[in-house]
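Across the two complexes that follow, subunit A remains constant while its partner is subunit B and subsequently subunit C.
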Partner chain A sequence: MNKIKRYGRLYRVLVSQFLKTILQSKVDFFIGLIGFFFTQIMGIAFLYLVFEQIPDLQGWTLDQLIFIYGFAQIPRGIDHLFTDNIWMVSWWMVIDGDFDRYMLRPMNVFFQVICEKLQPDALGELLVGFALLILSISKGVVAFHAADVLLFLVSMIAGAVIYTSVKLFFASIAFWVKQSGPFLQVAYDMANFAKYPTEIYSRAVRFLITWVIPFAFVAYLPAGYFLGQRSAFATIGAECVIAVVFWIIAYSFFQYGTRKYESAGN
Partner chain B sequence: MKKFLRTYLPFASNELKRNMAYKGAFYLFTLCSLFGSFIQYYLWMAIYGSAQGAKLGSLTREEMVVYVFMSYVTSSLTMISVSRELGRDVVKGSVAMNLIKPIDYRLSLIAKGMGTVVYHFLIPGIFVWIGLELYKVFILHLPAVSAGNILWYLISVFFSFLIYVLFDFCFGMIAFFTTYIFGMQMAKDALLSFLTGQLIPLSFFPGIIQRLFDFLPFSSMVYTPVMIYLGRYRPSELCFVLGRQLVWVVLLYLLGSLLWKQVTKRLVVLGG
Partner chain C sequence: MIQVEHISKEFVSPKKYPGLKGAIKGLFSNEKVRKTAVDDISFHISEGEIVGYIGSNGAGKSTTIKMMTGILTPTSGQCLINGIDPSKNRMENAQNIGVVFGQRTQLWWDLPLSESFTILKEIYNVSDEDYKDRMDFLNEVLDLPEFFDRPVRTLSLGQRMRADLGAALIHNPKVLYLDEPTIGLDIVVKDKIRDAIRQINEQYRTTVILTTHDIGDIEELCSRIIIIDEGKKIYDGGLAELKDTYGTSRRVTMEVRQPELFRKIDWEEKLHADESSIETELDDEKNLFSVSFDKNRIQVSDIISSVMQISDVRDIQIQETELSEIVKAIYRHALKGR
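After this line comes the complex of A and B, so read on.
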């Protein structure tokens, strides 16, 4: 219990340090926000243009697709906000030997990695995600009951954990090859498949994004519950199981990696 | 001319060599960007499956397959970022070194870009291209692209490349005003993927917006060469679109020179 309190206090200190740096460079913050905001908005504009031409996409309406799209952005944004430093580990920290300092401090290594940075750019994704969600609710595409709010929160957290697990796993490869950025990029980009219903893909792609890099569980499956197509157990329940399993795999791999870590030295 | 080549060719060949040196990472990035094309491919196939008519945005399903992959090849050949390097040089102050050398900084960046084009043409451009043509001939049972179209396409791609790098050079000068180029790059890439026709053929836009695109340089970057490849232009139209590309090359060149003069006047480098 004391340990948790100590970590909580440390996180607050580190985050407040970080917030100060944001306040110092407001323009950068705003530009980053705009960048990610635009990237996501273009995907929506694409859907609008396409639906000028077709009534529905294999039975999915435009409203439903927009809901899935928006739903996918929120776990992505949450993960992006809190664990962006994992990218630094995979690209530079191991090869530059910066990782040494995490190993020397008497604290959990993963905790140190994620608390070093908050990524405010992620607010662009969260903004788009929530805007689309509110739009969907106001249009009556999805009906939210009181209990659903809880399920929604659970699903968002589980989704973010899946993202973090994938990132952590592929970043950990750096402990052996020194730089794993490209691997991580490939894996992370698989998430783009999950913005649309997985039925449109071929079998092989569907298998890949469901069982190997499980991004289908982040958005498409749980969104199915809120669209009233499947039961909570089969969607959000499955998402949680996947999140836990992949987290355990990724975290043990990371732990194993830190034991194998050899400083690149200087 | 000979002196010109002797000065700037090494930039291109060095860049090519540098690209070759970091092959592993590049293959993976290529794979990443190809993923994007496959997502597009599946998405379009689903869209055509749900469509009532045979044509969407004046393209048939088969033409769309060609469009998706050729716009990938085209953008990998034309959208070569010079603003990234410009930004880095400005932020680090090394731009000062480039200003005192007896070379044109912009031309040296463009020459480097050419090196990357050659590399992208070899990997993965030519493979995707051949793969696409084989798919077209053997699976879709369509005639292969004519030699004439390939020739005009390559000419158009060259213009597109110049338009893009000249535009990107102007864009990169933002680095003189802010240090966070990454966010600006994201916003620019997102907007351009839309305006150039990389994400969706411009013929999907409402008529009035298409008219507007005719007066912007972006449609000349990806949409025009791909449509030439598809053989959608009559000879007279072909002359017009190529001419329009040339006009943009000249205009953006002049704009770049003007802006460069303005910003370097107020440049202060500390150390570097």
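After this line comes the complex of A and C, so read on.
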């Protein structure tokens, strides 16, 4: 308990240092935010363009697709907001020897990695995600009961953990090859598949995003519950199991990697 | 305080071939190159010692320090710092040590220095009382107040180094590792840093391990030095003994009244010495006659008395080999096998 309190306090201290630093350049901050918001709008516009040509996709209506799309943005945004610094590990910190810093301080290494940065760009994803969800609910695409709020929260957190696990796993490869940015980029881009129902993809892709890089569990599967198609146990339950399993794998791999860390010569 | 037992570190990297063809070949080959950066090094350091850890670039100094601080995991062997194995209990060890890497700052670059200290106080869980005591001491020995409110990136190298040293000491570590703490500093700042290190060591009995290429650091701070070369420990002992063991050559320079008398004398025969242990030089203009010799083979008194038999001597100067000469010889691997 004391430990949690201490880390909570440290998190506040470290993150507020980061905020002080970025607020020194407000312009960058807002340009980043606006840029990201536009990316999101483009994504939805693209969806509309496609559906003007094909009014339904393997039985999915546009409204349902929008729900899945919005649903997918939220765990992605949560992960993006809190753990963006993992990218730095994969691209630079290991090869430059900057990772030394984390090894020298009496704090958990992963904790230090994530509290060095918050990514405000993620607010764009979260905003669009919630806007689309509210739209879907108002259109009656999904029936939202009071108890579902809790399941929704659980699903969001589990989804974010899956994102973080994938990032952490691929970033950890850097401890062996020095720079794993390209691997991480490919893996992370697979998440784009998660915005749409997995049935529209080929078998190989479906297998990949279900069992190798489990982004199918992030949005499509749990969204199925809220669309009233499947039970909570088979969807959100499965998502939680996958989240825990992949987190354990990724975190162990990361821990093992820190023991293989070679630093950099002076 | 510190026990290093048969510690080794091996780096494995894929084999590289020259040229574009080689790069492609490298992609498909599975050959590995093993490089032993630290090779079976052992030493013990007691509480309160200041030890110089020296060697040429790439000798394995930093690698050893990085293993002792918990950054690197040894390939074999182990070290115990105050009873803790850094590769097993990294966090516990981190609480006990302070580290300064001369070429890399640990401070928050864009924030005022004062903020870095506030954060470190939280990270190391220093109580308000201890923090105040420490800051009073550090402000005194390092003069931090003159730039305490400035962003770290605006500090000069000397100020930054003082700040880094202060930051490494905020939690009163038992062991302080300094990796080239005076690199690139001017003489005044160097003196200040050395003074501070000495005071910290005296006041708090902090054990200090310091790597450096600066002979001044070693002469002024270290009572003991460990020299490594190509990953192996080649010397471990006091500074005086190092000079005794390796610095056996002396040079005696005499100002003589009649230098012309010295021209035709065979000194090797006169002093019963072989060619390699003696070398003479005559400066006619300044009337200087000098002899370089190995003090283990020839007595300086023999040389002086022989010279005085030939001519009057106005002045005598005896020089011992400078430490820098010894270290240079070590870096050139010239002392191998001795």
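By our rule, the second predicted complex is superposed on the first by the 265 of 266 C-alpha atoms of A that agree within 3 Å, B and C clash if a C-alpha of one lies under 4 Å from a C-alpha of the other, contacts with A are read in each partner's own complex, and residues count from 1 in each chain.
In this section, a contact is a pair of C-beta atoms (placed from the backbone, for glycine too) under 8 Å apart; a residue touches a chain by one contact, two chains touch by 3 or more.
Computed from a prediction, not measured in an experiment: that's the story for all the values here.
Model built by superposing both complexes on subunit A: subunit B and subunit C fit together without a clash.
Contacts of A:Q24 after superposition on the shared chain: subunit C is touched, whereas subunit B is not. Once the two complexes are laid over each other on the shared chain, residue contacts for A:N2 go to neither subunit B nor subunit C.
Residue contacts after overlaying the shared chain place A:V186 against subunit B, while subunit C stays out of touching range. Touch criterion met: A:I34 reaches subunit B, while subunit C stays clear of it. With chain A used for the fit, subunit A forms the apex of an angle whose arms reach the C-alpha centres of subunit B and subunit C; rounded to a multiple of 10, it measures 90°.
In the superposition on chain A, contact is made by A:Y261 with subunit C only, not with subunit B. In the superposition on chain A, contact of A:R105 is made with subunit C only, not with subunit B.
In the superposition on chain A, no contact is made by A:S138 with either subunit B or subunit C. Greater residue coverage of subunit A by touch, when subunit B is weighed against subunit C, goes to B.
For the pair subunit B and subunit C, the model built by superposing on chain A gives 8 Å as the shortest CA-CA distance. No residue of subunit A lies at the contact with subunit B in one complex and also at the contact with subunit C in the other.
Chain contact summary for the complex, subunit C toward subunit A: residues 11, 58, 62, 66, 69-73, 87, 90-92, 94-95, 97, 99, 101, 103-104, 106, 108, 110-111, 115, 118-119, 122-125, 179-180. Residues of subunit B touching subunit A in their complex: 24-25, 28-29, 31-32, 35-36, 38-39, 42-43, 45-47, 49-52, 56-57, 178-180, 182-187, 189-191, 193-194, 199-200, 204-206.
By the touch criterion stated above, subunit A contacts subunit C in their complex at residues 6, 9-10, 13-14, 17, 20-21, 24, 97, 100-101, 103-108, 259-263, 265-266. Of all residues in subunit A, only 25, 27-28, 31-36, 38-39, 41-42, 45-46, 49-50, 52-58, 121, 181-183, 185-186, 189-190, 192-193, 196, 199-202, 205 touch subunit B in the complex they form.
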